[in-house]
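Please go over the structures that come below.
In the two complexes below, subunit A is the common chain; its partner is subunit B in one and subunit C in the other.
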Partner chain A sequence: MNKHYDIVIIGSGVIGSSIAYHLSERKEKDILVVDKGFPLSGTSGSTQAWVWVHNKTPSWYGELSMYSAELYPFLGKKIGDVEYKRTGGIAPFFNESEREKALKLAEAQAEVGIKVEVLNREQVLEKEPALSPSIAGATYSDIDGNVNPFRLVELYIKAAQKNHVQFAFYNPVLDIKKEKGLFKIFTKKEEPVTAEKVIIAGGPWTKEIGEMLGVHIPVKQVRGQIIVTEPLAPFLTHTIGGMRQAENGEVLIGYSKEEVGYDRRTTLDVIQETASMAENYVPALARANVVRSFAGIRVIPEDGFPIVGTIPGVHNAFIATMHSGITLSPLIGTLMSELLMEGETSIDLGRLSLRRFMKASEKV
Partner chain B sequence: METDVLIIGAGPAGLNSAYEIASNGVQTVIVDESFFPGGQLKQQTQYFNNLPRQFEAQRGITLAETLANRLHSLPVTMLHKHTMIGVYKDGSIGVSNGESTFPIKAKKVIVTTGAAEETCLFPGWTLPGVMTVGAAQILMNRERVLPGKNAIILGCNSFSQEVAQQLKDCGVNILGIIEKNTSLGRESRERLHSDIPLLLNSYITRAMGRGEVEKVFINHNGSEQEWRADLICIGNGLSPILEPFEILDCSFTNKEKLGGLLPGYDSNFKTENSSVYVAGNAAGITCMGGVLLTAEIAAADVLRHLGVLNREDAARQTTYLWKELLRIETQTDSEVFYARVASIQEFHEKNNIPLPTSFHAILEEC
Partner chain C sequence: MDKSTIVCRCEEINIDEIETAIKMGASTFDDIKRLTRCGMGPCQSKVCMNLVRELLSENLGKPLKEIPPSRMRMPLKITRLGSLVGKESSNNVLSVFSESSLEEGEQQNE
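Then we have the complex of A and B:
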């Protein structure tokens, strides 16, 4: 007989691991998480790991991000110190003409309770003296910050394991079939397992996994290249558009977006472009040495917003995929656990349904 | 900058490839992070006896000069104090001198970045006075500084034995060579010197001292001894330097006998990236003769692809070089040669490329 689980989660990145942990809090279900590689070898481990809220638009999306950011301090209490820091976030602009846009943003975000300030040059430089005087101003909010993604995913997994969730790494899912109302999941390394419910949290591989269920999930793979400086004495206190200084003094910088498939190489073209952009923001960085660079593959749903909820047409199949997995993981874990355990969520997920991409004829 | 051939690393493999290529009139650029050519040869005062036929037996430092001087009248541009730091989208290699970064567009790239020493961890390993045998050799022969007075050598292999002897010749008291295994390989047995104590089945449990190594605790046959020493030289072998191959999108294979992880390559030392070749210790840790010959095999295929050598001449040359490689590597350590051949067979199989007929003769001789 095949091994049977109540729930199988495909993908052990920040989203899959968070869902596993939140589901396991009640210790009611047999849960398995399968991953094609090892945690943090993919997207969740190649990120600047911002917990970023203030300029996420439209405001309903900002609101979700805010709820998730608000969960972080509590999450740290439950699973251990994930090195979450609410540094405040600065998004500079260089042109006076952008001030109006900034004011509109502040107004819209205020309606959902996100406090965004529009700063002038002097106010920006007072907050973050290392920023360039050529900056015209910035939007600013206390709510933004960052987290250590390695601690975060590791602690999600440890906490889930403590609650008896099983994890199978280096074990890609090859196929999923539905037999007698159960999912039969074929993996590379082990005998097929059956599951009552399955959750796709495959990040950049979401599309491939969706196809196994006969569902088209419109996500893009978008490469981001990040450069890392030598450790510098602390001089940046905020999370700034495109960069942050980590605890060990290294500054992580990245702006690029390229659709090149799952290619994690870095190119000097982008590295040099990134470095010169960084200089525009923080002139002192011109004197810093870059010691390494890395690339991560963002998963971005076609319209930019998360796809979360049931998979229409496939009973008991669920999906959670998004850009901003680091920011949203505490909230998505919580909501998905509500959805699977109770069938409904405390926050309406209607807007995030996969249904929005389906043709009228497919919307069963 | 544009060139026909770009060579990364001006050690023995890089310099020898450059000679083979540029002596045919082909434009060659060599990039090296140091300010002189020769790589690690520059502090190697030991004799290399088992070299390809065109080289007389000579000391490493002399070999460095021999290899570098041969290039003087050839179309070779030497970029000292330059480092390869990345690759541009169009495949050009990004090179930096610390001040500026610029692309070098080359038809073929030979990566001869050599190897790095493996260290060994024990409590106290970060104390001043703990270093690799290679570092001790640099201090002694290049910088003319004695690294200590009373030395312990950790790990018994031909390189660590050589450095132990050189330290001793310079007046350092060698307390002993500490080796975790219970027996030695043939080469190490032959090199044994009665005046340097050897402790088999031993390891360092910890090193202690105020600001530098003073006391070293050694577990020998299960019981602990305390030695007074101010220098620990770690000789834990070498492993290929891989970063350039990662940047250049080459595949990797793991062969313990060749130093662990190394780039995969075909019977001409071409990697999975068809414009990138590998030679020397970066293609698997070997003897000096192996370093020089692998460079010549890679060079021959580069010349064929650039249309300088025709197919027949290249095949004839490559067959000769492979026989030389077989002769020299099996004289030093036949397992290295067999591991290399196995890795090449695997590479051809994996990429579905038939092995050249000339290579079958080599396989038969194995």
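Then we have the complex of A and C:
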């Protein structure tokens, strides 16, 4: 590590790495990324990695997700094959009474250019014959897909390294002080470094990093548990709201939320309920073998929307906290790079500002 | 030993791939696993774990006892999904569709 950098990014998950890569494309700044662990040891490595758009609401949020999904094919050309697949996404519902809500969703998303179809049972089964005939219908869109999160983060990092970004792993940030207009960042393994600008991309540890700057960042830690089957012959061609079949044939299943702090244990109750969900969606899965379960901790801001932009009251400090980092990483990397290099962004980030959580007296 | 020697039989990962991950900074079994898929197959690292730990020990110059084992997860042994199906609901498993809502502020994003 050097003694001084133009930009220090805290966190080397999908968001921190994407920002580092997109900033490095200009090859103008000295950039350091510090991480308390090793890439993929946290949230970005414990996900099904859907690139999911069609039922992100309100529609302005869906629109952002759509722009990000649209960036994926080009990203793959730039950094290498991240195994992005636009499979189309199916979100099943089981009661006919839910169709009205589905139609309203389709109408609202159409206004921002997201094409959502509302399917009946026959249409669902025609698209994905393995789904259960007990499904009443589903919302569907071509725009949804998935990506290999391991390849994605690794290739962001490699592309950034090629552009001379430095990375320091297993090196937690202990404190940040502001001295003579510069940030002084104290880490566990190295001498303190100074930086002109600092970006918080700490995922589930965002709150703790914010406190080092004297800023309250209202985020929650929300556990999700997933079960993994043995590799099976290809039989699910779409990304289903709840599961997907990976390139190698494994099926990843699960969609759960629990607020239990940073506890990455898997628990029998949720695993059993997830297995039950799998059987309800795709009856044939009952005969599949499960090889593993895993759990990851998402960061979710208190109102459910990402926090992106400057940190009001701390000059030259920035934040990028999702949910959903996998879907949004190409767009957030692009916009944060614009914000740091030009001071403005091509898409207005006003709605995502940390300012929305601040009291009138704190807004500066 | 020849660098092309297979260490993880399930995923066919060789010594060279593991040492490449170590050069990138990987220092535990699980770091290597996420980069290479070593240990992610049907046996869940039962064959490769100690071989990888030995490679870590040699490459990092650390005694074997300081290299932690891989993280084991249920069900530990291959298990039919149908036999895991539970009868009780924890209310923590959600439907993706149910989270699409049209009122601002009402929904929980995912």
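A few notes on this one:
Methods note: the second predicted complex is superposed on the first by the 362 of 364 C-alpha atoms of A that agree within 3 Å, B and C clash if a C-alpha of one lies under 4 Å from a C-alpha of the other, contacts with A are read in each partner's own complex, and residues count from 1 in each chain.
Here is the rule we use: a residue touches a chain if its C-beta (ideal position, glycine included) is under 8 Å from a C-beta of that chain, and two chains touch if they have at least 3 such contacts.
Just so it is clear, the structure is predicted and the values come from calculations on it, not from any experiment.
Legend: residue contacts after superposition of the two complexes on their common chain; A:286 is shown touching subunit C, with no touch to subunit B.
Of the two partner chains, neither subunit B nor subunit C is touched by A:325. Applying the stated contact rule after C-alpha superposition, one finds that A:38 touches subunit C and leaves subunit B untouched. In the overlay built on the shared chain, the residue A:203 is in contact with neither subunit B nor subunit C. In the superposed model, A:229 makes contact with subunit C only, not with subunit B.
Ranked by how many residues of subunit A each touches, subunit B and subunit C are led by C. In the superposition on chain A, A:271 makes contact with both subunit B and subunit C.
Put simply, subunit A uses residues 266, 268-269, 271-272, 293 to touch subunit B in one complex and subunit C in the other.
Those residues of subunit A lying in contact with subunit B across their complex are 265-269, 271-272, 293. Here subunit C touches subunit A in the complex through residues 25-28, 30-31, 34-35, 37, 40-42, 44, 73-75, 78-82, 84-90, 92-102, 104-105, 107-110, going by the rule given at the top. Of all residues in subunit A, only 38-41, 45, 52, 55-58, 61, 91-93, 98, 101-102, 104-105, 108, 138-139, 150, 154, 167, 169-170, 227, 229-231, 241-242, 254-258, 266, 268-279, 285-294, 300, 303-305, 323-324 touch subunit C in the complex they form. Partner subunit A is touched in their complex by these residues of subunit B: 85-89, 94, 101, 103, 247, 249.
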